[in-house]
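Please see the structure below; I have some questions.
In this document, chain identifiers A, B, C and D correspond to the written order of the chains, with residue numbering beginning at 1 in each.
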Amino acid sequence: MVPAGMKEIIIDIIKAGKISVLVTTGANLTHDLIEALGESHYHSDSWNDKVFHDKGFDRMYNVFMKNQVYGKIEEFFEKNWEKFRNSGNTRDFLEKIGELLPEGNKSILRICYEKKVPIFCPGISDSGIGLMVWGRTISGKKLEIDVFDDMKEIINIAWSSKKNGVIYIGGGVPKNFIQQSLQFSKGANYGIQITTDRPEPGGSSGASLEEGISWGKMKPDAKKEEDYIDVFCDATIALPLLWASVKN
Amino acid sequence: MVPAGMKEIIIDIIKAGKISVLVTTGANLTHDLIEALGESHYHSDSWNDKVFHDKGFDRMYNVFMKNQVYGKIEEFFEKNWEKFRNSGNTRDFLEKIGELLPEGNKSILRICYEKKVPIFCPGISDSGIGLMVWGRTISGKKLEIDVFDDMKEIINIAWSSKKNGVIYIGGGVPKNFIQQSLQFSKGANYGIQITTDRPEPGGSSGASLEEGISWGKMKPDAKKEEDYIDVFCDATIALPLLWASVKN
Amino acid sequence: MVPAGMKEIIIDIIKAGKISVLVTTGANLTHDLIEALGESHYHSDSWNDKVFHDKGFDRMYNVFMKNQVYGKIEEFFEKNWEKFRNSGNTRDFLEKIGELLPEGNKSILRICYEKKVPIFCPGISDSGIGLMVWGRTISGKKLEIDVFDDMKEIINIAWSSKKNGVIYIGGGVPKNFIQQSLQFSKGANYGIQITTDRPEPGGSSGASLEEGISWGKMKPDAKKEEDYIDVFCDATIALPLLWASVKN
Amino acid sequence: MVPAGMKEIIIDIIKAGKISVLVTTGANLTHDLIEALGESHYHSDSWNDKVFHDKGFDRMYNVFMKNQVYGKIEEFFEKNWEKFRNSGNTRDFLEKIGELLPEGNKSILRICYEKKVPIFCPGISDSGIGLMVWGRTISGKKLEIDVFDDMKEIINIAWSSKKNGVIYIGGGVPKNFIQQSLQFSKGANYGIQITTDRPEPGGSSGASLEEGISWGKMKPDAKKEEDYIDVFCDATIALPLLWASVKN
């Protein structure tokens, strides 16, 4: 999402107060941090992966970035390492990153900090940020993050809210993590899912919202089309359209 | 994979010594543990999610299971909790589960323990197993698993092996976790990817193996079709065919 | 396209003079004629096909129409049969239908007649219109349409134009028919393709525009992204966006 | 199908008497005729379309053929033109081609002639064969084929058979043509559909077999999974598996 230019829309939605909890991949947050630290993503519809490799570019379909961005993230963590030591879970750890970024910085991490929107990242170790943390830990600087504690917090949020509405973009661990918190609290009242994955292979990413009713991830009385809908479209096309239609 | 009946093929491949490291989702391991504890997955091409909900069945496309399986997992962890206390990372934690299962049990967790194949699960908290661990922790029984330590171990394995060959089934966090370990060690020499995801939306799951060359996840001199190949097919169809063609 | 509500956009593009030749399926023209004759398409995201069958509704994913529309088309052809007798090819036959519709009628068939935009329908017999023609012919009222003559006309158009630009929406026979006319004349200079089909299965519908270069369907010096582009998206989403961005 | 190597399986199924009527694209028959006349299809997973163009190769994803094959087809029609003059419909025309091929020739056209299996090709003009016919007609050698007459014949076959079972491979005009003949006769009792197209875009190719119940293309009492099934898979993978499982 971030490499494909969706950052500003996410920020816009957060500023408008429409997101209470954000669950995302480590990759999205890594690319957000990369831009927050002054680096960029580029676009090209032609590529040669060997040439990119030799020149130090990393490709994500038709987007790429300089491999040296990792140095910037490493430097950021090296400099601020002590501040992260007492992070209890990923929500706390990510909040601390947001706090360290300059005020007004156009990043998801910063805007969530400013707007007090908790970010959960259940697969945090599986990302550039995770790699940099690992880089510190091998030099003896341990960071204890209890990933099970995230589950506790998000279930509490789901339990205590009057109604729950979910927006799933693209599936994966974030979708499943949200669904688990709903299954073990009280189910979503509303839902929007944007994905190009199919239901037939049986994976969580392509599973229809309707399927969630059997699990209790979606309320049994939620009505298709009225309360929830599956959108079969690339999210970089569908999300701007959806946001444009509701923002005013 | 496990709910769709792929467990025995995975076990077969492990028994044949063809898998040195397994990285998988918490969901796969949860469903494997469910069957290891005597519960079952069922198949039906017709369903009504409200009826399934009322009767206590959880649906995964055309497969379903009884919701009460969670009780079995909970009981398992409750009974054996003390044995897990000193788990350092997910690999260690999962090995302990395998050790506790009866000898010869037809499960991935058990066979990996017997064959000394390490299992990594970077998104462990995002699963039924994760939920049961969380269930114990809220009653004060903390379990400290360092997810960043997994990264250290798998990078060491990738560094010290003579050659690396990868098989990605379906993408997600496991694919990205393996790719990271290769990017920060020495790249894969060979690769097979089985997925129905498309490259255009730009996500990691649908990314071609060729793209990995730019990152160093795949060796720059690896040749398409000769050294690596992207297979566009449901893995429950392609994996048995591939295995059948090489097993003898 | 027409059942999904794309008719007015197509009409808008034709009125703006942006389409010189239209090649389409018999289904699109049948649904266009159905609306031209006063019948409607309806939308619903819930359905029961047996109930629809009993009530006389025909479903196209989340769109449906009354089965009795066929009576209207039949009546139209019965009444005007003599006027179609001397149709030489599908272009001529379809022009005659457009001529018979009232002036200003909001239909593709009528607007093409008014704007002198030729319509070719190589698979005409495979449609509701084709069925009604067949219905007349079995009562001895033969209609001779030379489908090979269409090929002659469209190749002439492709040859005599200064430059050729193509827009393929969804593949099938219309795409292939246009590509043949370019292969046997002088290739397209520009191209846009909107489809959700994949290239891997090898069919014409999912084939990339780039592939056309080998055949001469696309000019060898046409540049990807600059001169031609493959858009992976449902056309009912992509086409309105594309048109909105160029119409002003 | 033919360029991808499926010809022999189709022939095998026809020889086993399992196909009573074949409806296919002009492309499939053209590639079948190309091989019948001694030319070949080649395979490569690497390509450069400009180089292929310069060297005279036409690419179909990872399959290609020499452009000069068109000369062979042209020659075939030039030599035998008079024999085709009295073809009434595509079934008759294609039967005549089969008759002209040498006995025992490994082609779909020949085996259908030998086994008296009618072939219908509603989009015949949209193919290499169509192009060659067009090439003759521009030199004044007209060929009158009544495409509406095909509809009459296939509806008669559907009406007079005791039960109808359909196998749709990949959608397009052939699928729709078969479905029309069922809609206007008595519906299919059994069905198998193999396609990678999705239902959501609303096209005929991706439409589920169940949808056909509303139209009367499938019998209202046909049961999903028991009487009909949608297979989401590349047909070059699924068809050999299906045939292997039933042939003995």
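Basically, a residue touches a chain if its C-beta (ideal position, glycine included) is under 8 Å from a C-beta of that chain, and two chains touch if they have at least 3 such contacts.
Computed from a predicted structure; not experimentally measured.
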Return the chain pair with more inter-chain C-beta contacts, choosing between A-C and C-D.
-> C-D
By CA centroid distance, what chain is farthest from chain B?
-> C
Quick one: report the Å distance separating chain C from chain D, using the average Cα coordinate of each chain.
-> 21
Here the gap between chain A and chain C, centre to centre from mean Cα coordinates and rounded to Å, is 42
In chain D, residues with contacts to at least two other chains | 198, 200-201, 232, 234
Quick one: do these chains touch in a line, a ring, a star, all-to-all (complete), or other?
-> complete
In the complex of these two chains, what residues of chain C are touching chain B?
-> 198, 200-201, 232
Partner chain D, residues of chain C touching it in the complex | 3-4, 25, 27, 47, 49-50, 52-54, 57-64, 67, 122-127, 130-131, 133-134, 137-138, 142-152, 155, 170, 172-173, 176-177, 180, 184, 196-205, 207, 210-216, 220, 234-236
Within their complex, state which residues of chain B touch chain D.
-> 45-46, 224-225, 229, 232-234, 237-238, 241
